[in-house]
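Two complexes, one shared chain (chain A), two partners (chain B, chain C).
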Partner chain A sequence: MASTPVIETSRLSKTYGSGSRQTLALDNLSMTVNRGEVFGFLGPNGAGKTTTIRLLLDLIRPSSGSARILGMDARDDSVDIRRRIGFLPAELNLWPGRTGNQIIYYMASVRGDSKGIVKHADELAEQLKLDTTKRVRDLSSGNRRKLGLVLAMMHEPELLILDEPSSGLDPLMQQTFHEMMQGYRDKGKTVFLSSHVLSEVQAICDRAGILRDGDLKAVETIDKLTNVEFRWVNVRFRDAIPDGLTAELRQSDAISQLDLNGSQATMRLLGDFDPLLRIIGQGYVEDLRVEEPSLEDIFLAFYSSEEGGR
Partner chain B sequence: MTGAVFLETYKQTWKQMVYWGLGLAALGLLVVVMVPLFDMQQMKELLESFPPFILAMVGVGNDLEVFATNEGFVAIGFFGKSALVFAVYPVVMGMRITADEEDNGIMDMQLSLPVQRMRLVIEKFAAYSVSIVGLVVMIYLGMYAGVAISGIELDMARLTEVTFYLVPVMIFIMAVTMVIAAIIRRRQIALGLMTAYIIVSFMLQTIGAAAEGTIAESIGSVSFFTYYNAANIMTDGFVAAHLVGFFGLSALFLAAAVYRYERRDIGV
Partner chain C sequence: MTNGVILANTLRTSWKQVLYWGLGMGVLGVYIVFISSNSDIVEGYAKLFESLPPAVLQAFGASDAALFSSTEGWVVSIFVSEASLILSIQAVLAGLNIAANEEQSGIMDMIMSMPISRTQFILEKTIAYALITLGIILCCVAFPVLSLIAFGVDADIGAVASSILNLYPGLLLVTVVTSLLTTILRRRSVAIGLAAAFVIGSYIFNVIGNAASGAVADLMQQLSFFYHASGEAIIAGTFNPTGTIGVIVIVAICFAASISMFNRRDLGL
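Right after this comes the complex of A and B.
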């Protein structure tokens, strides 16, 4: 029997305001997140990512539809759910006059078993190189983010819900964060993270959902999302590019976004390599580089195809 | 753990309570120490020449005999004149129960913990109520020290009554602030409404007291200040029904705030 999804939403919608000032923030969101996966929730600012997370946490109430977390109703069983999840908001705000240790102790006390939780928090703080004796007001934005991660993870929750988790972390810490998330997944736990940093999602997520204007456009594995038909190709010739070759590149249906710069040509290649190889074979190719499309490209391609279809 | 929110709230508040307490205790001490410096009879004669409205404005009221006593001077000079100052602390605390943390985004973190909204509101309300008791104890100690220093004769039982009667009044103000914040959600609007409520209440009570036997007196009875008349408590003791009224309304507002807060979206 398949295990119960960790997150399951059914036609979840949220509307803010009323009358002419009504805004649809989330439109009939139906999706599932399975146990043991790192699920990325992608979308530009204002897409509805934070609204979804706040609905899952029962901070706001749906206009229609429902959500189940760890098999429980997100509204009726919200206290039991929050016992088993960890949360990091996009904008972490804490009491400025309290130290990291004081906040850790308080939150551990509310969760019960404060001794064990505080011990684990100390380990996490060490891993993230965070000084928890400082007051919140004295912490840099990156260190506040680290404190937020410690607070979200210190009770070893079954599900981590992270809103833009690595914003403000330096590259080294981002790497540490990615490793922590992979470690989490290896323990069979689940991570649901929202991000507009697509490389982050690419690096750590198993699947991703793409959200725009409150509408879930797609849910795919990262491999499938990145398996698109085009690549970026950069060709460097030994000499200036002959006019005839340039004309053929421009005429090819497989090539678009051609950029010529002296002896160098950059282009977007759709489909097989053979047509390109036949054209560039007319010159002396010094170097040929192929780049897989980034998630940014996929994102843009996805949106442009959606808009083209409208 | 039950009580964790209460403890944390109290830990975050006790210093402010001490600062407020020191200030108000010093003010109380000063008023008591000043009592021997005034000739009460002369003061009474001077005040008799004032129109009733002015007397009501300065909190003396119509009974000048009361003002001519040590108890009356302390009641009017400290508790009467500082009524608006006493209202500030519970408003600040009432805003902290939900509005402040909602406004600055901390509430999202609070409510990501396994704690019911109802429990959060009740524990915070309890913690701030305890801080109000602490504040009033400090005020009382300041006045007690004033009596010891000045050596004046003062009915200490009545002084205790009038001082500790501040507790239900301040808790009531905190409860009104809390329920407005729970309904309105926006901190600035809630604060503005609460400030207006206190000022209008004060004005209604002042006008009502100055116009006995008129409709203004009836309207004045709407003001909560009408039920905190320090001079009357000093002379006749507190009215139990008023005490019950303050606590009863506070409980009602607490229930209303919890009801509303349980059902609405948390703001950011």
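Right after this comes the complex of A and C.
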């Protein structure tokens, strides 16, 4: 028998405002997140990621549709659900005059077993190198984020809902965070995280959904989603680009969207680097930069290939 | 249903309000009692007030100049009228502290990610601020009463204490009305404006009711919580608890409505 999905939404919609000022933030979202997976919710700012999360937590109410978390109704059983989940909002606001320890103790008290929870919070704080004796107002944005992670994870919830979790964390801490999420998955727990950073989702998620303008465009495994073989390449030559080299760049099947500007060339490279290196080797290359595709690029590439395949 | 953690936490983080407001009002009470201990001053004021028209007398917090002839009448008229106005500000602030401030600052998302219901949140926070206001009122009672004893002033201490305690239902009303407004309107600035209008309007209704005569003026006065919070009737021995009970019933209705509204709407900005 298949286990109950940890998150299950059915035609979930949310509209803000009324009359002519009405905005559709989420449109008929139907999806499932299974136990033991790290699910990424990808989309640009304003796509509806935070709205979805706030609906799951019963902070806002749906205009239509429903959601079930851990087999319970997101609205009717919200208190029981929140007992079993941890949450980190995108914009973390806490009582500025209180110390990390005071907030940890308060939230642990509300959750019940404060002794055990506080002990685990201390372990998490140590792992994240967070000083919990400082007042919130004295913490940097990165350290506030760490405190938010401690608060979300200290009671070892079955489901973690994280909204843009690693924004503000330095690269080393991002790595620690990724390891923590993998450890979480290894324990059979579930993580639902939203992000607009593809590399983050790529690093830790098993599956991801792409949300755009409130509409879920796709839910795919990370391998399938990120299996696009192109990069953006920027080449700066010492001198003006020779005509012959320009012609070869234009003729290459691997290169598209070529933009020439004096001694610089920007292009979209499909496949291996070798054909490009052979062409640009004719000139003196001062600088070569490669950028991974943006979320939007992936999105467009994914869809153009899907449509092409039909 | 309620485990009391939010109540205890609110009291732990807000007890200083009792100290500051209580001390401030207590000093005012001591000052008024100190003046009342000088019979020449009280007699002088009584003669002055007897010569004033009702509308001007009302500005000093009394509708009957005869009240100023007794020490307890003098203390209650001056102190209760000033305390009711000043503590109305505290009551509005308490109403904002129930939900609006944490919602405005974005902390509500973290609070409501914990396993507590919206009803429990409003219930425990309202009880906490009701207790804080009670603490302030008890300071308001204690300082004048102890001063009357300390200065050896001959006054009906029971009447003075009862008159000051009678402020409590009215202040609770201001708190729950403010809380209700914030649960309906979400925008704190609009709620503050309307709560201020409620307090000022209530004060003006009481002034007009005292100064004018007729059915309309009487009705306006009955609608004012300042009228029901006034200790004059207690001092005069004509206190009818119906008005106070009415205020408590309205407090209960507003409280239930604020829970209902908070349960219905989206949280956060």
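Going forward, the second predicted complex is superposed on the first by the 233 of 310 C-alpha atoms of A that agree within 3 Å, B and C clash if a C-alpha of one lies under 4 Å from a C-alpha of the other, contacts with A are read in each partner's own complex, and residues count from 1 in each chain.
Here is the rule we use: a residue touches a chain if its C-beta (ideal position, glycine included) is under 8 Å from a C-beta of that chain, and two chains touch if they have at least 3 such contacts.
Please read these numbers as outputs of a predicted model, since none were measured by experiment.
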Fit or clash - chain C, chain B, common chain A: clash
First, second, both or neither for A:Q251, with chain B first and chain C second: neither
Touched partner set for A:S3, first chain B, second chain C, both or neither: neither
First, second, both or neither for A:L151, with chain B first and chain C second: both
First (chain B), second (chain C), both or neither touched by A:N261: neither
Overlap of chain C and chain B interfaces on chain A (superposed complexes): 54, 57-61, 79-80, 82-83, 85-87, 89, 91-95, 98, 106-107, 109-111, 151
Chain A to chain C touching residues, read off their complex: 54, 57-61, 78-80, 82-83, 85-87, 89, 91-95, 98, 106-107, 109-111, 151
Interfacial residue positions of chain B with respect to chain A in the complex: 1, 4-5, 7-8, 11-12, 104-106, 108-109, 111-116, 263-266
Complex contact set, residues of chain A against chain B: 54, 57-61, 79-80, 82-83, 85-87, 89, 91-95, 97-98, 102, 106-107, 109-112, 114, 151
Of all residues in chain C, those that touch chain A in their complex: 3, 5-6, 9, 13, 105-110, 112-117, 264-268
